[in-house]
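By letter and in written order, the chains are A, B, C, D and E; residue numbering begins at 1 in each of them.
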Amino acid sequence: VELNVTHFGTGMYGVPYAVAKEKGYFKEAGIDVTGFLTSAGGGTTVRNALASELPYGEVALPAVIAAAQQGLELTIVHGGVLSVADQVWVTRKDDERIKTVQDLKGKKLGYSSPKSVTDMITTMMLEDNKLTGQVERRPIGGIGAGVAALREGGVDMTYITQPVWAKEEANFRHVFTSTDWVPRVTQTVGVVKTEFLKKNPDLIRKLIVARRKGVEFIRQNPAEAAAIMAKEYKIPLEHAKKSIDDILAVKGEYWSPGGFDYEGMDVMLRGLQLVKAVGAGPFDWSKYVDESYLPDDLKRKPKS
Amino acid sequence: MRAAADVDVPVPASPPAVRRAGRLGDSALVLLGLLALWQFGSWVVGAAVLPAPAATLAKLWAIMSSSDFGGHAWETGRAFLSALAIAFAAGLAIGLLLGAHRLSAEVAEPILVALYAIPKITLYPIILLLFGLGISAKIAFGVIHGIVPVAVFTMAAVRNIRPVYLRAARAMRLTPVQTAGRIMLPAALPGIVSGLRIGFSLTLLGTLIGEMFASQRGIGYLLVKAMETNDVATVVALATLLIVVATIVSGALLALNRRLDRSPKPGR
Amino acid sequence: MTRAGIIRIGVLVGAVAALEAACRAGYVNRQAVIAPSEMVRGAWRVLGTQEARGHIAETLTTVSLAFLLSVIAGFAIGVALHRLPRFRRAVDPLLASYYAVPTFVFYPVFIVLFGLNRWPLVAIGFLFAVVAVAINTLDGLDRLPPVFMRTARVLRLSPRQTLLRITVPAIAPWLFTAVKFAVAYSFIGVIAGEFVQAGSGIGFAIAFAYNSFDNLTMYGLMLLLFAFVCTLNMSLWTWEQKLYARRGGR
Amino acid sequence: MGSSSTVQASLSGVTRVYPAGGAGKPVHALGPIDLELRAGEFFSVVGPSGCGKSTLLDVMAGLAPPSSGTIAFEGKPVRGQVPDGIGVVFQEDASFPWLTAYDNAAFAARQAGLPENEVRARVEHTLSFMGLMPFAGAYPAQLSGGMRQRVCIARTLVTRPRLLLLDEPFGALDQQTRLLMGDELLALWRETGATVLLITHSLDEAALLSDRIGVMSARPGTFIDLVETGWPRERDSRIVSRPEFGELTGRIWAGLRDQSMRALAAAR
Amino acid sequence: MGSSSTVQASLSGVTRVYPAGGAGKPVHALGPIDLELRAGEFFSVVGPSGCGKSTLLDVMAGLAPPSSGTIAFEGKPVRGQVPDGIGVVFQEDASFPWLTAYDNAAFAARQAGLPENEVRARVEHTLSFMGLMPFAGAYPAQLSGGMRQRVCIARTLVTRPRLLLLDEPFGALDQQTRLLMGDELLALWRETGATVLLITHSLDEAALLSDRIGVMSARPGTFIDLVETGWPRERDSRIVSRPEFGELTGRIWAGLRDQSMRALAAAR
């Protein structure tokens, strides 16, 4: 089967899956993973995940929240990526003006698009630093456009995510990482179509265990993990190595072994409400999260 | 008496071989001009934004010789050829029908033109919802891009068949099937081929757009992945590959059309 | 109204009614397609929000710019190619294959060229439309009876007068087709660009609504867009029919 | 050779009214017409433009139904289909641009299912007779308008029709070349013994070629005069210098001048 | 009224060779031609198709340069530009489909910068003279071919040219209507006193209308005969019934028949 993993090949979320596949953890669990499906846009990935042969996916939390609010039948079964350590903010090499966040005053800051995670992060960051209204924020669409805009002077700072950053490191100057301002925010979670989950609870349990092994392998063997990532993502080994090292160097957990970080999930929810990406009001996690498929040592009661 | 085949034909203004050589020379010049423009553009905006021709060709070569390129090309090719077959067959059928039946043409033409004008990319959610992920969505995407121009051109070509050909067919007592095969088809062919030229390109575009959003393999997927990772060299290399392929096919269809279109040209 | 017009309206109404019935009866997954009446409700709601009106206004301005520029440049290119038959022969295959390339992948290049503003999107719409205008202009010029040019010489018209008083009115039907194409293609190009790359405009709003599972907004926006494009096209078409009726076809 | 006394085709009380198109009124285009064509005769029809000459031909050939009256060919009623034995050459150029002159000429014969060697023999004979042999391999676009019309005549002749209906076949030619083609047509008529009905705008042509001339009134066209020329079967265009020729054209002209003037005055 | 003795336009040693297109050979289309047009005369040119008649007109009007020789109009050499005072009506329909008959007729006069009330007076006079007044508001598509040609003639007449060049202006008409239009042309010629050069395929037309007839050889066209008709200035189409008319056409025909036959034989 093919597993749905958001941004597989272009983001860091998929590395545990690449390792688990390469190391045979999925096979041990009795799942024959032949490849990974991904697509642009969180909503698409959620839909794809629910429509697949194995209706499971590690997908973006904002899309899951939106889907849940629209009444899609899905259950969140494990935590995914718990921080934004893969997101760095950079300026041109020759532009020495911005050294700290306070230097942003009066400058132009690029983020991907309105109501996105970068919108939210920049909003929170400016708020925390009392810069709201003093920085010109501009939506740029994507990393390629952002980098082009940076070169051309359309923005003074923009974001780049790993592993692209590992590739572009020589061309731009790193100023800070998103975790500097928002250390805990859950980016992705694992979801399953509820109907399927009821029928195949054991399969999902095994899958979560296989992924967990992948996460643990990265911690223990970053070098080998990088080699696997380079192969699966078709990028140079040094970029893979660099990106994994960078991620691991950042304080806090990035790849969750499966457990949930409810505070991080709330941060995401509140952030999204701040940029009006989802409707206001409380969101009852317990209605959608089911911890019963996690290994016992990872279970934690959701606070309501 | 000699057989018809080896009878003298009035000598055309210039031998075809000479003309063809001249045309190729001109094409080569235009190609050189475009390359120069490209090189110049690359200098202006910087190689990081628009890689130079030579670098692009090297990159293209690297992409094409990588082990999994064949798989991607095959994936795109399969989806594209299916889409092309459907777009051509359905477009021709619709066009022939509308061309032959005046009232349905009057009813359908404005609808077709309006459909043509819709930004089809916005239909991608619907297509995805209807066809799910995988090859069928890509095919559907290719088809919705290509079918309308094929149908519209075919319809116009059939409608513009000179009525006297059909009267001649009746005077020679051809059956309806014979009339369709021996008169209508050859008479409308040049117009139909023009439609196929545009249809070819747009179907390819549609298939690629489909792949960009709803696929894990194929040239469109490579393109969108390169876009996401800011891999400009790959983007430009793939775009070059596409235009080269489409131009070769378009040129071949054009040559075919020049051979088919024997109707007298207007003007002195 | 003509018989064809009545049948056409019947067909359209029938199709919409069938979809409505299918949706109401539950044959169609609500997550996939919503009933036409819901779409109308969505469109109405969308029109009520400041944000969506902003997207619409932005897209319309961008499209208008792309449209105007492509008509002017396409006409000029068509005339130039017509004057240079050898060059034209050489680029002929390119004119048809041009549309195989997803122009919007060059968005970053346009940002460097034009800056981070609406012009990169204008460029995408322009690039989509300009070749269609040039092709149709060329087609018209090809069919321009040479006797008109000779008449212009006999009447001692200057090149400018010849262009404005003879060439343009003579190929008006083809220019009309070119204009229709320019409308369609500038919309297609701009919306595609917004959909894939930009952070605002109708295309972006549709993509966003799709990703947030907000079918009401998504179909509402689509309906508005289609209605607008179709109305524009239909009015051009009616106007064109009037012109033809007077001139008696082309 | 056909005897000149038996009737080959006959029309009695034939009219044709084009049904009202859109908001227009029905057009009474022709008739009533009563006519008996004698086997082997050369009959010409002249009349002002738009008087219904082409309509008459359509009805005789069975290409269009009469609104009233009956038509018979060789004793059998003509209805709905073009009867075997009738060949038609249309006013418009009906040569097929996608076929060479040879294949054009062979088209109808192949259609009729003749064996290929028989087709070849007939086509070669006809093409050389029409002075087209050197152009057998040429496509219509490479031929002048007059040559194309000759290709159409050849295509019809190859089937050896017993009644040949010609609608203004020399319209594309200048008057002198018309004259020469007229001579060839006469020779052909003598050789094959077919009945010929020729529609022409040129009074001289009619006066020169025919055994009988039917002069038509303005629309709705009816015969206002039937003129016997009395020429010998062996004749050619040198007849024009005879004094009777002037008398003959004078007589036809007198009638037609009135007709045309009346038609023109009514239209002003 | 112009005197019939002064020379208005003259050609001496004029030839025209179309340069080789592509790898083809140059075409010697015309000449050498020597001709003096007398002011106020009605001169017709007849000759086989493709002999260079339209080329002669182009060269005289300054639309095409002669390959050798000189042309003068009213004493001044014609070179590169169409001189003021020359009006041309082309063989093809040159009415502008986007203008009404009235606006078509007014086009040239407005172009010449005449005040609008003067334009109106002239256009109305010319249109009613040509029997087109009821159709002033009609577009060319609503007119018959012959009427459209009359619109073109009106457009040219409105500028009151001193030399009127007409290239087969009645080609779209049937022979009878041509005759009537010829009468109108004669009346016009008498009224305005302009010099007229008329190119025609019809020998009768030439014989009927002209003071002098130039008979051209096959390509390259040269004058093989210049025939003075000797008709009175007051004349109309009733001349056709005079015996001298028959003689005249006989003389022209005799010459042309040989020419055409020779041309046709050479082409076979």
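Here is the rule we go by: a residue touches a chain if its C-beta (ideal position, glycine included) is under 8 Å from a C-beta of that chain, and two chains touch if they have at least 3 such contacts.
Everything numeric in this text was worked out from a predicted model, so none of it was measured.
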Item to check | Set of chains adjacent to chain B and to chain E | outcome: C, D
Checklist entry - Within the chain touch network, how many edges lie on the shortest path between chain D and chain E? => result 1
Next on the checklist: Looking at chain pairs A-B and B-C, which one is connected by more C-beta pairs in contact?
Outcome noted: B-C
Next on the checklist: If you average the CA coordinates per chain, which chain's centre is most distant from that of chain C?
Outcome noted: D
Checklist entry - Taking mean CA positions as centres, which chain lies farthest from chain E? => result A
Checklist entry - What is the distance in Å between the mean C-alpha positions of chain B and chain C? => result 20
Next on the checklist: Based only on mean CA positions, could you tell me how far chain C sits from chain E in angstrom?
Outcome noted: 48
Next on the checklist: Suppose each chain is reduced to the average of its Cα coordinates; what separation in Å results between chain A and chain C?
Outcome noted: 38
Checklist entry - What whole-number Å value describes the gap between the mean CA coordinates of chain B and chain D? => result 46
Checklist entry - Which positions in chain D touch two or more other chains at once? => result 134
Checklist outcome for this item: Check: chain B positions touching at least 2 other chains come out as 46, 49, 129, 212, 227, 230, 232, 235
Checklist entry - Which residues belonging to chain C are in contact with no fewer than two other chains? => result 31, 108-109, 112, 145, 196, 210
Checklist entry - Tell me, which parts of chain C touch chain B in their complex? => result 2-4, 7-8, 11-12, 29, 31-33, 86-87, 89-94, 96-102, 105-106, 108-109, 112-113, 142-143, 145-146, 180, 183-184, 187-188, 190-192, 195-196, 203, 206, 210, 218, 222, 225-226, 229-230, 233-234, 237
Checklist entry - Where on chain B is chain D touching in the complex? => result 1, 3-5, 7-10, 12, 162, 164-165, 167-168, 170-174, 178, 183, 186-187, 189, 260, 262-265
Item to check | Touch list for chain C against partner chain E, complex | outcome: 145, 147-148, 150-151, 153-157, 161, 166, 169-170, 172, 246-249
Checklist entry - Which of the residues in chain A come into contact with chain C in the complex? => result 41-44, 46, 63, 66-67, 69-70, 72, 110, 112-115, 138-142, 144-145, 147-149, 151-155, 277-278
Item to check | List of chain B residues in touch with chain A within their complex | outcome: 46, 48-49, 68, 128-129, 132-133, 212-216, 224-225, 227-230, 232, 235
